[in-house]
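Same chain, two partners: chain A is paired with chain B first, then with chain C.
Let's look at the complex of A and B:
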């Protein structure tokens, strides 16, 4: 009972801490890729501290209560994700109460909160940003769902328990179930999910909703101070959660059995460090590398990429896994 | 928010302060979803009264200092056009060596300005890595400019009747070293900008300006050349040492075989012009004549000469952004200029902006607007200030039309008398 009450709070704080830490690493590494020095790794924490001291301005035309509610909604939506996704190589806190399908639904909440924020701030920039965010959200939802369903469908053929449960996914890692064709299919699905993550987190080349040079910050243009900091932390948590989701689906391996550590605490430490390393690798690909190597797409291009290209590619992945199964 | 045909249409103001703009200007965009259906350009945010200073406070030599500060980036072409105008008005012919030095400096400015633009353009489409890359590459030319002129930004090289600093033989190897560096990386830059799929997606068929529109709206510089209008002051009315050089206006079909007149073509033109500038500087170094660099080194004597002079002159120079024109009138026994009129390239290029932006998306605005390489501080000077009420206003088209009719009537009345 205590764990149900205290657990979420601890998880949210941990998620925020590691999320911000990874944002710092992200900024530093991207800076180095671009030939800059970059800010110190603790810069996101300083940003949070600074924003907390700033005044929160609510524009005159804004729908005040919704304007203030949206950041809280966004933060809560992001924090709840961590209750269902296994992190640090451990079981998720609410493992028994929800599976990957729940996560799929929960992922929409932070984006929806951003849309609400954009529309309620009554700025033309924010309105355009909110429209874009909605379009992007609708575009990547399908390939995202397809990836998760494809994996669960394959695991469902061997597992007796609910294949959407992360514990089932961890018991039957997808890579060990499939043959060469299936490995190719799974690899394709992994790439799709990595690219969906980039869009889900609104990073370049999919950062149209905020597009600094076009919309001056887009849907967050009117936010400042404490309200902005909530979005900032929510973004950090969501980044962490999305990377954890990829790891839970594709790399649910632990290091402790391999190196033969069985004592409870050292095993936990080893698994947690291994998990953090995996997060770094996932983020390195889907956030840092892509961001440094690409420019911003236009909204019609994003729709075409996700709705047509990504969907078709994930379909190919699914078919490959199916062929692998029947052959 | 204006309602039309029952559909609600938003007006998005871009500027005066906006991350896409480096200098203040306002674009009022009427948008339908993401599409731009209406564009209004409103200038007048950075009026500084430069011409007034030249006509009321400073003598012609002091004006070189002011002309250099018309624009931070084109601080060679403005004084260049200005001194050419004054020299024409006063009947001074600068020594040949000075003409060559002026040309070298002007081309160095073009290289740095085009590279600066390339970086900004990459930033506008969210490609920050290329932005940093190009600006790092640009450091070499900035170092060279500092080596030759002593300053990185405002070079202060020009003087009426010549230049203030010589470029000696000992400096040639260092200049050639920098030029060789740019020649070696030029192909790399071309690959980064022209072969990148992403950049093609964002710039091909974006912000199209057709050749007939470019002629109609009097586009100048790379903006006109990218639309296939072979217009280049260096070619059409060679000044400085350009008459000795082999210069042809660059159009994008040199590389691609077609002319579309979009942002991509403007990138091509600017990249090729960097190559052209390198070649011009090399030719200048090879052909550099000997001799003096200044007609009259004593400023007091020069000023006395200018005070006696009477006449008018026009200086035309090809700035990195297009043709810049300075008109100057000198009156005898007057220490300041009798008239000074500057026409910067952005002023005419702005006329094409509605055509370039219309039909595009909001996402195209920064790159399409940036593709003319706008320079606002060069542009602003039509503002009306009522000294009694201290109110500022701008003349609308109707008011100007009224004023024009009024003046015609007045002249007619005078004529009839």
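Let's look at the complex of A and C:
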């Protein structure tokens, strides 16, 4: 009972802490890649502290209750994700109550909250940003669902329990089920999911909804002070959750059995550190490398990439896994 | 809440009030790898709502007056104004031109002046540091 009440709060705080930490690492590494020194790793915490000191303005034309509600919704939507996705190599808190499909639905909530925020602030920039966010949301949803379903479908052939459960995915890691063809297929699906993550988190090159240069901050253009902080933290938590999702689906391994540590606490520490390392690797590929290397796409290019290219590529991955199964 | 919150996080919004673009390019130069102001936590933001510092360049022609005032009012408190370039101080190369309403400090309160036509990026960074000190004071007054 206590864990149901206290657990989510602790999880949200931990998610925010590590999310902000990873944002700091992201900024530092990208700066190094661009030949700059970059801000210190704790910079996002300083930004949060600073934003808390600022005045929160609610524009005259805005729908004020919705304008104030949207950031809270966004933060809660992101925090709830952490209840269902296994993190730190442990079981998720509400693992028995939800599976990958629930996560698929929950992932929409923060984006929807952003759209609501954009429309309720009654600024033309924010409206355009909200429309773009909706288009991107609809575009990446299909390849995302396809990837998750493909993995679960393959696991469903060997597992007796619900293959969408993260515990099932962890018991039957996808890589050990498939042959060479299937490994190629799984690799393709992994790449698709990594690129979907970039869009899901609206990072360059898919950051059209916030496009600093053309939309002046897009969705968040009217937000300031405390309300902006909530979005900032929600973004950090969502980043952390998305990286955890990839790890839960593709790399559900823990280190402690391998190195032979059995005592409860040391095993937990080893697993947690290993998990943080995995998150760093995932983020390095899908956020940092791409961000440092690319410029922003146009909105029609984004939907083409996701709707046509990514869907076809994930289909190829699915077919490879299927061929591997029947042969 | 610590008063040092502004110490290493400062977001800057830049508005071009009829400048010749010389100063604007120097402001952008501070973001390049050579100067890299991001290492001090200074970021250029796209919306005045997110900003702590308003950097104004240019001598303010008649059309810009109301816009400049509105942008200034849109910035949440505490805020400071950094005026970059000679022409915003007394006209500079546009001195006594028929369409000027400036200088900037006739329209909005200016906290820090950075002279030069255009000023060097080092000078702009120094101006931002001065603005920082003022911002800390403003934050202090707001709390006590």
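Here, the second predicted complex is superposed on the first by the 327 of 327 C-alpha atoms of A that agree within 3 Å, B and C clash if a C-alpha of one lies under 4 Å from a C-alpha of the other, contacts with A are read in each partner's own complex, and residues count from 1 in each chain.
In this text, a contact is a pair of C-beta atoms (placed from the backbone, for glycine too) under 8 Å apart; a residue touches a chain by one contact, two chains touch by 3 or more.
Remember, it's a predicted structure, so these values are computed and weren't measured experimentally.
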item: Which superposed partner A:35 touches (first chain B, second chain C, both, neither); value: both
item: Which superposed partner A:54 touches (first chain B, second chain C, both, neither); value: second
item: Touched partner set for A:267, first chain B, second chain C, both or neither; value: neither
item: Touched partner set for A:81, first chain B, second chain C, both or neither; value: neither
item: Touched partner set for A:113, first chain B, second chain C, both or neither; value: neither
item: Touched partner set for A:223, first chain B, second chain C, both or neither; value: second
item: Touching partner for A:318 - first (chain B), second (chain C), both, neither; value: neither
item: Touched partner set for A:130, first chain B, second chain C, both or neither; value: neither
item: Contacts of A:151 with chain B and chain C, given as first, second, both or neither; value: neither
item: Shared chain A contacts, counted only where both chain B and chain C touch the same residue; value: 34-36, 125, 212-213, 215-216
item: In the complex with chain C, residue positions of chain A that touch it; value: 27, 31, 34-40, 43, 46-47, 49-50, 52-57, 125, 212-213, 215-217, 220-225, 228
item: Contact set on chain B toward chain A in their complex; value: 10-13, 18-20, 31, 33-34, 122-130, 132-133, 136, 198-199, 201-202, 361-366
item: In the complex, chain A residues that touch chain B; value: 33-36, 124-125, 127-128, 131-132, 204-205, 207-208, 211-216, 292-301
item: In the complex, chain C residues that touch chain A; value: 1-2, 5-11, 33, 36, 38-41, 45-47, 49-50, 52, 74, 76-78, 139
